[in-house]
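These notes open a run of structures that come right after.
After this come two complexes, each holding chain A, first together with chain B and then together with chain C.
And now, the complex of A and B:
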């Protein structure tokens, strides 16, 4: 009989499994990507913008796109587990259940960052406005981490319900308002050349949000997935 | 013989609806218990509690000396579970699925064990194919392979023959016989009396929330399991009254 599986082994196994299944099916990333590109196109055609207006709405458009696409990814990621009973398979394993949560979160974060890495250049081309900068990348990293931390937790709750597709955004969007405000403000600042030290308040808020929600998820995930 | 599963006074409610009512159950090491009963009797709920997936409202559950819910990780290490659903990833191959679960169960090195399991369930030649291309029977065989990968002391099966044709069911029975011959304790729910009569060493009838009757294969009356089962269900009302009092 083996000893209880270590946290890191279980975590890496869940990440490996999520990446392998996505590599085969390409359902999650392709869905997120097509949706993101459509949103960017729709914004481009629906908002007739001069150069000044474009600069002021860029951060908002990028974050709305990322968050809506992220919701599709979070729903799909948990639905795959639920539909074939795989979530039970994971919960039956003799592992710390938070390793399952962190494994799923990290995989979701990777998918979200892949989508971000594709839509940023597309946005730059389409809007003729180079948005790629180190500052924005930092904000996307921190914002996505917070979003995925709370999103993975809530999607594991919503997946139990028949109306999971509707339930997740209803639960998730009110909770992520602070992160959305901080991410949009910080992104806007970086895109408009505001010095880094003037944006520290928003960066600290993002870090605090990441720490708080990751800790909350660590404490409550086991109770949420239990029947 | 020592009891490997011991359940006392188990109560489980969903909302206000009681599903299990002061259920007592025990299984010894090496026993193959068939859990029979009509739909809605509480068989699946009972197996979900044993498998640590659901929490009881009241009562004690001990498996291999470990108590639920406080020592559930130790219990999960000693359990293999086959449910209605295969609990497998369709976009991974059979080998990859087993590799993934071997990592979750801390098996190292797992290569030999995976090869042994694939041989036992007869999927060696299809081990690189994606599970979603498998028939229901092949998926169920792989589900059993996943459940016994870590050589558990107790195997819980919830209607494993559902949706299988005759050939697939026969193959499944062969695998279950091999598991039972290794001295593992098996608890299986089923509606197929003919099939369980050839597999199990003990038959428990769970209906209306508790075990109403239990009989060893050697004590089965001449007329067989079907009539015994029907007799138990026919006298169910009296037993419910006696149990309630």
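And now, the complex of A and C:
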């Protein structure tokens, strides 16, 4: 009974804990940021990003950067819980387990959005071409949500395995391909000035994937943390 | 050590006979396709293998759900066996497809929704095997396996749907004929009979292999138990 009434409280406590830790250590975001910048630079040289190529690959570059950085963030955020025994502490707390799942997911989503909020202006600056638009922000919001929903679930599995450093991307990437396709397609449309109503299919698709993945992840999360 | 059950022995022989019969039907009963010639014959086992692949992964997802509800080791073994068999048949499906595509599409591979989805599906289940290998505690391995079998199977239709919005060149032989598909053909009744028979035979083969794999799994568990007892 008590667990139910304190759901919001437990949720915000988990989010608060993650944000506070990050504020003090600044390990996760700085790692993700430096990594993203490196990925953008590597793309610049490997793809010869002249003006014409950029039109077709910008959406892809942004999403690959976000997803790679996201993997680092997810791995780190769960490894910290595991290594110092925090996860056990969290699980011992008399709260609904789903509060822990949603708390971690929301914290991870916040980290990912912070990274996106920094790399988009940087990208625009580097290529002297404003990529930021309301549509793109919406797509990044929806795409990251779906990515983090599956990612939080799978990273809590991956950190408990012997091969945890390589396992997360292998588990995560094939599963999130539908989200990635819809997100890249929609972003590409917004970047090339396709009108909003023509891209609605992709937006609806993203929303549908978010709902499906979030609800399934939330239903099976209990099975992962029970010991 | 239990003797191989009589029913399984019978099933083995029935499967072998049916398989030979299906092969004979493919070569001698089904007529030669007029445009594509002999290479079209790969179609019967190609579709049947794809069918068994999907069926196994579906079984594994269902077994995963039942495992999470009941926590019974038996369902983990069923799910794991189904996935191993599914991986083999999906591989057969992709490889036979490539053999057909080379002369018909003039390429081993195209980025078509069906090909891409089948291969991504294969990768999902490779990841499943790697996940299981990375976890030592058996109970945890079973739980995680069940979860991943469910999440992975869920993403397969979504992947297909996402890629499908692009135009496809893969022929849709059953139900609906897209004129832009390359290598499409109308099945004669004899072809249809051969196809349905192949699917039936592969389904029987699937049951036979599942039975063997589950028995093998039981023996593996027994060996593990004995090892543990020796260590104590």
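Throughout what follows, the second predicted complex is superposed on the first by the 222 of 227 C-alpha atoms of A that agree within 3 Å, B and C clash if a C-alpha of one lies under 4 Å from a C-alpha of the other, contacts with A are read in each partner's own complex, and residues count from 1 in each chain.
Keep in mind that, in the parts below, a contact is a pair of C-beta atoms (placed from the backbone, for glycine too) under 8 Å apart; a residue touches a chain by one contact, two chains touch by 3 or more.
Worth saying up front: this structure is predicted, and the values here are computed from it rather than measured.
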{"item": "Chain B versus chain C as contact partner of A:20, first or second or both or neither", "value": "first"}
{"item": "Contacts of A:217 with chain B and chain C, given as first, second, both or neither", "value": "second"}
{"item": "First (chain B), second (chain C), both or neither touched by A:9", "value": "first"}
{"item": "First (chain B), second (chain C), both or neither touched by A:182", "value": "second"}
{"item": "Partner chain(s) touched by A:150 [first = chain B, second = chain C, both, neither]", "value": "second"}
{"item": "Touching partner for A:193 - first (chain B), second (chain C), both, neither", "value": "neither"}
{"item": "Which superposed partner A:163 touches (first chain B, second chain C, both, neither)", "value": "second"}
{"item": "Touching partner for A:92 - first (chain B), second (chain C), both, neither", "value": "first"}
{"item": "Residues of chain A contacting chain B in one complex and chain C in the other", "value": "226"}
{"item": "For the chain A and chain B complex, residues of the former touching the latter", "value": "1-6, 9-10, 12-13, 16-17, 20-21, 24-25, 80, 84-86, 88-96, 226-227"}
{"item": "Footprint of chain A on chain B - complex, ascending", "value": "48, 51-55, 73-74, 76-79, 81, 83-92, 96, 100-101, 103-108, 130, 146, 150-151"}
{"item": "List of chain A residues in touch with chain C within their complex", "value": "150, 153-154, 157-158, 160-164, 167, 170-171, 174-178, 181-182, 201, 205, 209, 212-213, 216-217, 220, 223-224, 226"}
{"item": "Residue ranges of chain C in contact with chain A within the complex", "value": "68, 120, 123-124, 126-127, 130-131, 133-136, 140, 143-144, 146-148, 150-152, 154-155, 158-159, 161-163, 165"}
